[in-house]
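Labels run A, B, C, D and E following the written order; every chain starts at residue 1.
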């Protein structure tokens, strides 16, 4: 049946690499982190109101030992994961609807851009009135931060999808929902990723605001109450913990991206 | 000394009647120029930020409420003068709760580190309750207004004028405790503070004190005009400012050192029991009001 | 049955006339090739048949009904391949089958069959970015064949493959067409190819895009090398060639 | 010299439009806004802590008449424009450097992602310590919000640029800086736009935090001090003004985008 | 002078051998065409010469120096056109001139000249997305010609244009080449075209990519229609054809 002869594959031993000896990325990242801690140390020595790394480390050890940090991390991580997950999960279909059906966009976009400009702090009274003081309003505030970043990115991604790919899917019989799942989402995954990365940052950055709402524990709450007592070491422990958790989640996203967008023909 | 060229002073404040009134008077009556000072005022929303700015060298003097007195007490700044005694704080509860002891197990909103926190702590002590006997729900002051109004919390430590907003929604709320209930053991002074550096400059601090005292005298003599001045400066309605003014007892500058130190030491006591200060320092170490006089 | 009635296409914003007034009927099971100078509107015409562009005047009917969007009854091979870059060769070929609801095992069998047909068995799991131009084009061909549409719209489908592969693909296409009697609309720049494959060659002209001439090819199927070398073929070839280029030679 | 005859263009009168009567976009947007105000009105009637539109409008008129709103808008707009402008202006070259030179990325990226997670509120003490209490720290906080959103988007855009276009530029003799200006920036403009849109929202959302730093006027400051008296109408005037200004700036961005990316072959 | 010394190219991650061991010398001012089955490594070879890919073994020299990245001395026409979609036709053609520092007026003159050469004068201000496939390809040609490189690397440059335009472009290319004596490496699938244009035809074979045979074309320039019809031409054509396909016919 085959009229064109199948090509046969030939495999060769790997050719001797000619790459210049390059410093591996992780080493650079380590150097960068060490340098950053150095700058911090330097600043703390200038007499400015910045606690030294050692002081912060000691405080962190204290907080770990009495279990506070662990409990705070769990409480905050849970809120961020749920809020962020819901935000991204909703942003992708809404962004698609906005990009696909112009009237939906005309109806929704002004509100999204409007709510983007509202500081999370200002939303809190409304959130409490509508959702009480349990977990819901806290997660909602985080959700909103993730959602609003991600939906704009998804929208732009959908608008940017190459028309010929959509056409190719349509002539193969694909309906709108399949085009969403199998063409638009993969094609706009670089945009969705940008939205997720920015949204992830926003989620964590909003945590302090979210935990103003009657939180009993959580990293944001801990920082907030430490601020009232000018307890800089605790604030720094909070900042660093949030930073490290955010960084780790970001790496997970990047890893996922590398797997999902390896098809791209980029540099 | 510097008669010819005026000395520069930066002064922080909070835009309520307590925080603004003396500065508004001083500006209107040109009291600064009289002392050969040239002032630049900076508005803040809380005390700790002013202390941060002081320690960064950007601010010479500032204003704090009673809840922030632990800052100077722990050596971050010096108190240069007492301004007023707060009488605005209340412990409130929803209708049906008639006594402090009934707060047990209830959800109580508290803006941590403020005078609302203080009045609640004192009230609980008086009723023989521990912090763990109630469900303490930390939230900021504006949030308490919403949460109480929406019935999300049963009680709260809060103050006027915010309390007026709550009353508009829940006219049947009950006031379980007020500042005056603790008048014999505790006062709630607001204060002017100076950075450690600025307070060290006795000559200039003396001039600043002179301005403040003269303004206090004017304020005591002309309450209505003062309210007008504050309303104009902060762009707020005069009625709101007047209502705010009614919640505090304005000092007129005649408070003697012993009384001031008694109030401060009482506050220090509270901060120690609340765990915010390791020990209660002698007010003389951070109160320089008369020393500069 | 495909019918074009006074179809015109004007592109905004400059009101550029890509197609002037095209009328054409293509019978069921007919093999029509389209030739014409670069930019004369061949792709535009095909997109209208596919339902990817709407004519600005006139109308296009397929099976008696106005074309209203694309459908799996009309398979399309695009000039620019339009492979899904995130899917492997096999998944690309399976795409349309999935939409048709073909079960997984069957899908794979069909896909592998057509991948073998275009000689890419060894590359079934490769991503498009690792393929050469001609290999991409062959994937696009396999993908369109796999859904087994009753109408095939092909835009220069064999343009990027070498001569021998091209001949084999031509023979393969003709064999399937004779067996399963599809309707094929086939755009090409190769006059030889146009005559060799078609029942009729539609010659288009540019500015505005229109049909200049339709050449009937009365050669018997199956088309063999002999037919290719026959004087009849040469004559038809010449006729199509001059039909394509006459309009340009005369001012 | 010309061997291939030049095509001549034929122009026809516009063909009779066959479009279905579609509601124009601006009408939809208007409907959406009216509906939003309706919802707001409805909420204000339920006894929730939300002032009615009329009350807010009256307060707005008062604030306009005594000149407060105008002065606040000017002060805030200036801060946002400068902060946002600097943020975007720096994000594009930094994003390019990160995307182009892998070591730069390894060095900088962790810090960017780290600072993304820090709530602006927590930055304020640091900003005061390092930059005082004049305009600089306020603008800096806004700058950071815009920069951090935009730099991640630009980075992703640079990473996603089609390799063949870069190759085309290189064989035409382009050096790195020309490739940046004439290939990478245009090609990643949809990404940069996403970053700018999200960054614009963040800039405005950060305004309240920025104006905590000893601001004498500004919309954020006004809202903040209104909160002392729970003066909801003034807070709402602030929110709406910020929302409307943000929306207008967003429209300007979209307009600029439409002009800059009209070359795209999108749906 | 272009020299390839035992050039090999292995693609990760599966160690796929795109080029086995290719050695070749191309003299100055030579016109070499490259033919071979789809996927045999023609584009890969050209990318190595252009400096866009590094060989994994062996080395490539141009003018005696190892190729170390691309340069404006080597103009490239890509198989996929690679136009800048945000630039108009004219700006695309001017791109390389700008890099060379040609002043604006001169730039425009040159660009317009080459745009006219490929018959796109009316479309000088159009964006690529509004062009047909063949028109895009012609823009790519004009863009490469405009920088006037001493070496031209062309990957199936005339594949998407109609037959007449193709003949004209061929003649045009030969005329310029004879006049200005460039070195041209020209990939094509059209055996006719390969023989008609070249001094030498390099025939490649696949799996692994390698040179199967080099056919010298001893036909005089200028190449005319007469030469195309000569028995010598037919013989050469046949020889190249069987060289391309021999390897595939024998298992």
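Keep in mind that, in the parts below, contacts are C-beta pairs under 8 Å (C-beta built on N, C-alpha and C of every residue); 3 or more make two chains touch, one makes a residue touch a chain.
Values in this document were obtained by computation on a predicted structure and should not be read as measured data.
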Relative to chain C, chain with the most remote C-alpha centre: B
Chain separated most widely from chain E, comparing mean CA positions: B
Of A-B and D-E, pair with higher C-beta contact tally: D-E
Length of the line joining the C-alpha centres of chain B and chain E, rounded to whole Å: 82
Whole-Å separation of chain centres (CA-atom averages), chain A against chain D: 19
Chain B and chain D: spacing of chain centres that average the CA atoms, whole Å: 39
Interface hub residues of chain A, defined as touching at least two other chains: 5, 7-9, 48-49, 125-126, 129, 164, 227, 264-265
Overlap residues in chain E, where contacts from two or more other chains coincide: 16, 39, 80, 138, 165, 248
Per-residue multi-chain contacts in chain B, two or more chains: 52, 55-56, 142, 145-146, 149-150
Sites on chain C touched by chain E in the complex: 11, 16, 35-39, 42-43, 79-80, 130-135, 138, 156, 159-166, 189-191, 241, 244-245, 248
Of all residues in chain B, those that touch chain A in their complex: 48, 51-52, 55-56, 70-71, 74, 76, 107, 109, 112-113, 137-140, 142-143, 145-147, 149-150, 152-153, 276
Contact set on chain B toward chain D in their complex: 12, 14-16, 42-45, 49, 52-53, 55-56, 58-59, 142, 145-146, 149-150, 161-162, 165, 169, 234-236, 240, 244
Of chain A, residues touching chain B in the complex: 48-49, 124-126, 128-129, 132-133, 212-216, 221, 224-225, 227-230
Residues of chain D that touch chain A when the two form their complex: 23, 25-26, 28-29, 31-33, 36, 48-50, 102-103, 106-111, 113-122, 125-126, 129-130, 148-149, 152-153, 156, 159-164, 166, 190-191, 193-195, 197-198, 200-202, 204-209, 220, 223, 235, 239, 242-243, 245-247, 250, 264-267
